[in-house]
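Next come two complexes built around chain A: one with chain B, the other with chain C.
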Partner chain A sequence: MSLPLLLFFACAAAAVAGAIMLIVAREPIHSALALILVMVSLAVLYLLLGAEFIAAVQVIVYAGAIMVLFVFVIMLLNAGAEERTHWSKIAPWAGLPLAFFLLLCLAHFLGHSAIGRTIANGSGAPNTAVSTRALSEMLFRDYLFPFEATSILILIAILGALVLAKRDE
Partner chain B sequence: MEFVAQFIAQHPIMVVSLVKIAVLLFIVMTALAYLTWFERKVVAHIQSRWGPYYVGAHGLLQPLADGLKFLFKEDITLPTSDRFVYILSPFLALTLALAAIALIPFGPPSVAVCGQPVYVIANVDISLLFVFAITSIGVYGVALAGWSSNSKYPLLGGLRSSAQMISYEVSLTLSVIGVVLMAGTLNFNSIIEAQRGYWHIHSIPFFPHWNFIPQIVGFLCYLTAAIAETNRIPFDLPEGETELVAGFHTEYSSFKFAMFFMAEYANMITVSCLATILFFGGWLSPFPDSWTWTFYLPGVGLLALGAYCLYDAIVGMRGLHRIQLGVVTALALGMGALCLLPQVRPLIEGPFWFTAKMGAFLFFYVWTRGTLPRFRYDQLMSFGWKLLLPVSLANLVVTSFVILLRHG
Partner chain C sequence: MTAVPISYYLVLSAVLFGLGVVAFVFKRNIITLLMGIELMLNAVNLAFVAFARARGQLDGLVFVFFVIVVAAAEAAVGLGIVIALARNRESLNVERVNLLKL
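And now, the complex of A and B:
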């Protein structure tokens, strides 16, 4: 077994385990930690696909900025352990088969998509290795208008948050 | 044995990388230990004291004694703490701090074994972003240590430090983008190569072509934000002992505390390395290439150090200390003679200048600690958001305008 494949399975397992931990954990901080684990393992998966920039940005933005704010707020509020509810009676009968069905559907359609076919043909994953320069040219030249529109959207969102959070007047 | 030989033949890159990691880890750990000695000595002399003096000549064995003491102390874990996170956080802090050093090029990539550059472990295209990615998750070590201790001072310290690190990370990243714009790349080696050359006044070499001069504003912002990012005086509010006992690591003892301590010093090293690479030409020599006599400086410097140690051993020391200083003398003289050999000189030059510049920054760090008082918390926050951030943003805008005007 080659090293990239080994790394892929390790990180995929870590991501899935983290996602399950995120739901199961009772302490909010443990959930946040599990989410960080998911994000970092996803970053390694991007790295394995050759998308260095996306991997670095994934860690900086999600694990390094957004999750730090999450952890910060949880610490500030000093949130205690969550209370457990009784297990739902419908979940094992309807939920589990439905979830399994959804998984089957996803597997089926992914298997018949363009990416799935190229992998099945043995030609490996499509070449997603994009250099940072190519990515920036795409963002700032080819898709400049949508990019700027998004930034204005984010600015408006920040203004909205400020207005909502302001208490004076 | 056959399996090992086969593995080495099949994966030369991995074997070379593992060896590099082992060697660098050893060097960095030793450097961390002696950085504590260096800091104590310099601060002591600033305050007219002697500093560590009795364990070994000039206290040179003090780091070893401290390390042993940490190892043999009782390891206390609070019963009320969140055990898993409590144990996880020092590991997180130290491993992340050490991982960032893997991306630092200590010498030119032209020195290579098996096609792999010797002086850097991972030479990736976007090394700068990777370092920022690693340091940005370094906050968790401190924040989680504060939370998991389940005690009020650590919690306050952890909160302060996460707020401080988030605030100053923004200015830290923005202050560096000017350099990236000038070099047009995120790779450390290319950024250093872009700083090769000299400014001349009437064809007399005046100053090396380092980013320090055109990016002086960015450099000052970086320096300030870097001190805050590593939680050092005057920005050491997360562990201000007069207010918070020891901040986030109050409830840690024994080697877990030592791990936080080492993580802090490793972060200092990383930040100094970044300053060297981005603003002071990394492993480039500060002298023009035409001055051939400067090639002998590393060897001559080490020989001078050896000569001073020899003088001190004979005049100032006696007994065991004289023997210890004699060993240091022999090492320095031997290394100095080795560095003068024409075969070794080109290999040693890059790392020598890199370490010299980095050492200057580390000295600056210690110097600030010995000189400046601590900020108040509201001063810290308003300084970061109201002064540092706008200035680094303005620097970014001006730099991009100048580059645009020049290259059209």
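And now, the complex of A and C:
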């Protein structure tokens, strides 16, 4: 087994284990730490895919900024263990079979469609890293308007967060 | 040196997205629900990067960039809502937020 394949399986196992830990953990802080594990292993996978700038952004923005915000709010609200509640009554006999049926349909569609075959047979582009220069040229030339629009989005998000978290007198 | 097939990444992305949906549906804590959404967004990002690599084009990477920006805005506003909710209801359980429920 080659080194990239080994690295892929190690990171994929870490990501899936982190996601399962997120679901199983009862304390929100444990879920947050598990999600950080998922994000860091995804960053390694981005490096493996040759997207080094995206990997850096993933670590800085996701694992750094967003998860720190989550942990901060968990600490601020003093969030303890989640209460147990009983399930909805139709979940065991309608929800779970329907979910299984949906999964079967998706798997069947992917296995028999042209897209699925292309994906399964494609070996991928040559193993070269994407240059950050090319990415930034595309971002600031072809996608200049969406890029500027996101600044307005972030401004609105800041205002919204301030208004929502404000204590009204 | 053989590269990892793209389909492996897509299967991992699908598994992570499914686990995100499970977290969103089964968890009772509002903060953990938001984490489930973040997990789904991360899974979609992985699929974007894998497709960008398979097609040899950079557009997918730019989209990942935008998804990360929108996720940051969503986390900020979502956690603001969580703080307001925790102040009003004095609980983080979604079952307690049922004013609009029949």
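By definition in this document, the second predicted complex is superposed on the first by the 119 of 169 C-alpha atoms of A that agree within 3 Å, B and C clash if a C-alpha of one lies under 4 Å from a C-alpha of the other, contacts with A are read in each partner's own complex, and residues count from 1 in each chain.
We take it that contacts are C-beta pairs under 8 Å (C-beta built on N, C-alpha and C of every residue); 3 or more make two chains touch, one makes a residue touch a chain.
Bear in mind that the values here come from a model prediction, so they are computed numbers and not experimental data.
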Partner, of chain C and chain B, that touches more residues belonging to chain A: C
First (chain B), second (chain C), both or neither touched by A:Ala12: second
Which superposed partner A:Val40 touches (first chain B, second chain C, both, neither): first
Partner chain in contact with A:Ala63 - chain B first, chain C second, else both or neither: first
Partner chain in contact with A:Glu52 - chain B first, chain C second, else both or neither: first
First (chain B), second (chain C), both or neither touched by A:Leu76: both
Touching both chain B and chain C, residues of chain A: 3, 53, 57, 65, 69, 76
In the complex, chain A residues that touch chain C: 2-5, 8, 12, 15-16, 19-20, 22-23, 28, 31-32, 35, 38-39, 42, 45-46, 48-51, 53-54, 57-58, 61-62, 65-66, 69-70, 73-74, 76-77, 79, 82-83, 85, 103, 119-120, 122-125, 127, 130, 134-135, 138-139, 142-143, 146, 150, 153-154, 156-158, 160-165, 167
Complex contacts: residues of chain A adjacent to chain B: 3, 27, 29-30, 33, 36, 40, 43, 52-53, 55-57, 59-60, 63-65, 68-69, 71-72, 75-76, 78, 131-132
Chain A partner contacts - residues on chain B that touch it in the complex: 11, 14, 82, 84-85, 124-126, 129-130, 132-134, 136-137, 139-140, 143-144, 146-148, 155, 158-159, 162-163, 165-166, 169, 186
Complex contacts: residues of chain C adjacent to chain A: 1-10, 12, 15-16, 18-20, 22-23, 26-29, 31-32, 34-36, 38-39, 42, 45-46, 49-50, 52-56, 58-59, 61-62, 64-66, 68-77, 79-84, 86-87, 92-93, 95
